[in-house]
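In the two complexes that follow, chain A is the common piece, with chain B as its partner first and chain C second.
For the complex of A and B:
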């Protein structure tokens, strides 16, 4: 039992090497094996505990004034002027309580200025043209990105109202200007390790208008992540 | 710091050495500490008996993280007259913005944290009877920005939306954003953060969903 019971020397007890060793050992063993009730509730404050944040990073690509365009119908990373909307943590992060990392909290916003077809015509009424966004993670530096499917978001390019309702046909030529937010917590159930995360986009054609290809214009986009310490390590 | 390994074990027949007895009791300058002096504030996880873990009851409230969320249930109407001398170029000065109730707050950091995260969600619609026809790109004359301790945060500006003489809802938009505050300006003490608005056009209708901050040890 790790409790310090110092056996004091009484008169007529022997004071010798063994009695000294015994008493030093009693105190040493007690300090080396502190039991749970040795610590009072609320005994630890910010000076005693490590940060919850193992690491963090935040990046921005694009600007408020300039757009960058996407036409791919398969997911591709958002990039502007050679800078991908991607965070590289610098080393593989092993997720899970056994590794001391509880998860990676991710924040993302993408400013989608406009979605229209490649001839710069606007989507038609009941347009099915869409722009999609999602977060993907790579387990290692050279590892393949895997989508985190629950992060997929999209908007539809429909602008004109249905017949008989307020008709916004006059809005042709205007841009949608949506901010698409994505927030998620990546845990060990998504991947045992994470080295990089990134934001990807794709466009879907307009099936209501002959399958027109679409062009998506983006402006400033943000990606941030916090690597959170596990409650147990 | 490892478990204590006492430097001296005594044996019968040896000459008594007071210094060795003292070193077993107190050696303040030795690293790693190998005396009983570790009880003077240097106990750590190695001294914990196997079989139990620290839990939340051992940690003071707010020592690991803290934060607050504010919002508003009212509609806020901002008119051009509220922003004299503001314009989108030379008149775009911090002092000409008004902080939006429910989208701003003052808060106290009990220690210097490693990170503060701000997140927000706000809705704004822009009406202007003088706006040009909506089939022309016509950015609104309103700006929504993030402010921290009275100064704007670069690149945290709401996407500029469009105005329309009617049907505000067509171009009303939510702005959901986040900002990580780190660096030398992040210090223990009182701070303020929030979203501010300024405009040159007729009317902006604002509805605040939330403005949050969370600090991390």
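For the complex of A and C:
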């Protein structure tokens, strides 16, 4: 905490420009050295500095009724009816405190209805198949997407009948119905600029059943991005 | 903190008295001993309209207002069911573990009195297809050693009876929380706890936490 020792004028002290300047300087220097702790919560509001949020965007693809399927074993963008689960910020966003943007906070939710063994009508009870999801970002309009690797998430779901009965007929046609959440903060350490972000998916075969191909069926999927301001613009 | 007006403003053609000078300066110095609030900073609208110099974002030191912290770990996917290796980044949890912090995610920060908006997420993989040995997993946010109970996500289900229905040996978890903190140093981390299938037996299957991320936004404004 900066310390301001105001040296009060006493009787017989000289009252002149120099003595006043000394005291003004004490106050000025103390104020200039105030640490951030000097501010009460809420001291800086919309009348002083702009919002935390530079901008935001969100998109929804698919719905409860409008499903879309994936069979690729390499990552591909989630899309339905020509609409990618992708946000284009409209211009390249430079990340870093010197550029006015501290980071991009990204939230994603994908509603998976079913991961099904394509060979069999219903999932195996003991299935090692998985469906994968991740966030990728492109630095510019025509730039290549690069995966934010730490966002890779996947699920494996299997059915089991009473007392561990495999392939229980009563579960035929059952869907897994699983929501995959992804959160990430994209910073300058990921990319110096970001123009677009998107969500990608792929499936992996079940190694326990001869590598049967899989079909992933998705319902609605959401992607939201909040561009966060940095202290310096 | 209050606004301060000079008790004895120095006026043209008036005689400057020592006590008046003290009374005019000392209150402003004393103001800075307390918590400065919105009245102590020139606002954009009022200062500009009155020909003054408003307080703007550039008047704040670097990372003085909008401060973010994050840490992430990437574990390149390997299929445990196909004999894939456990990566160095994977964190192993035996069944019936205590609450344990996830490696390489702890955030140690120093901040003023503020709100923290915390987001945590991770990938769980039990590497199993057997519900009789696969543990349940919970994820939570911990601030200064205290687990925020309302942030607990996942499941603690365990049962001696056969389980029929959907089972998830591999799945992602995420949680978020807004928590007020006092001025000073704080430690934020993500913690995980597992439960076995039966209280009487330790499940043989471990749970691995793979790629993960922890985000903490200081909501100072």
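Methods note: the second predicted complex is superposed on the first by the 173 of 233 C-alpha atoms of A that agree within 3 Å, B and C clash if a C-alpha of one lies under 4 Å from a C-alpha of the other, contacts with A are read in each partner's own complex, and residues count from 1 in each chain.
Just so it is clear, a contact is a pair of C-beta atoms (placed from the backbone, for glycine too) under 8 Å apart; a residue touches a chain by one contact, two chains touch by 3 or more.
Given the structure is predicted, the values throughout are model-derived calculations rather than measurements.
Q: So in the superposed three-chain picture, is A:31 touching just chain B, just chain C, both, or none of them (first/second/both/neither)?
A: both
Q: Now for A:201: first (chain B), second (chain C), both, or neither, which partner does it touch?
A: It touches nothing on chain B or chain C.
Q: Based on the superposed arrangement, let me know which partner A:64 touches: chain B (first), chain C (second), both, or neither?
A: So A:64 only meets chain B here.
Q: Go through the superposed model and pick first if A:13 touches only chain B, second if only chain C, both, or neither.
A: second
Q: Looking at A:149 after the superposition, I want to know if it touches chain B, chain C, both of them or none. Which is it: first, second, both, neither?
A: Second partner only, chain C.
Q: When the two structures are overlaid on chain A, which partner does A:56 contact: first (chain B), second (chain C), both, or neither?
A: first
Q: First (chain B), second (chain C), both or neither: which does A:39 touch?
A: It touches chain B and chain C both.
Q: Touching A:219 in the superposition: chain B (first), chain C (second), both, neither?
A: first
Q: Which holds for A:117: it touches chain B only (first), chain C only (second), both, or neither?
A: The answer is neither, since A:117 touches no partner chain.
Q: Which partner, chain B or chain C, touches the larger number of chain A residues?
A: More residues of chain A are touched by C.
Q: What part of chain A is shared between its chain B contacts and its chain C contacts?
A: In the superposed arrangement, which is not itself an observed complex, chain A uses residues 2, 20, 24, 27, 31, 34, 36, 39-45, 48-52, 168, 171, 174, 178, 181, 183, 232 for both chain B and chain C.
Q: Write out the stretch or stretches of chain B touching chain A in their complex.
A: The contact residues of chain B facing chain A are 3-4, 6, 9-14, 21, 24, 36, 38-39, 43, 46-50, 52-54, 57-61, 63-65, 110-111, 114-115, 117, 119, 121, 133-137, 155, 157-162, 167, 170-171, 173-178, 180, 182, 216-217.
Q: Can you check the complex and tell me which residues of chain A touch chain C?
A: Contact set of chain A toward chain C: 2, 4, 6, 8-11, 13, 15, 20, 23-24, 26-27, 30-31, 34, 36-45, 47-52, 97, 102-103, 105, 126-128, 130, 132, 149-165, 168, 171, 174, 176, 178, 180-185, 187, 204, 207-208, 228-233.
Q: Under the stated contact criterion, what part of chain A meets chain B in this complex?
A: 2, 16-18, 20-21, 24-25, 27-28, 31-36, 39-46, 48-53, 56, 58, 60, 64, 107, 109, 111, 113, 166, 168, 170-175, 177-179, 181, 183, 219-220, 222, 224, 226, 232
Q: Could you pull out which chain C residues touch chain A in their complex?
A: Interface residues on chain C, with respect to chain A: 1, 16, 18, 21-22, 25-26, 28-30, 32-33, 35-38, 40-46, 54-58, 60-68, 70, 72-74, 76-77, 79, 81-82, 112-115, 119-121, 123, 125, 129-132, 162-174, 176, 183, 211-213, 215, 217, 219-221.
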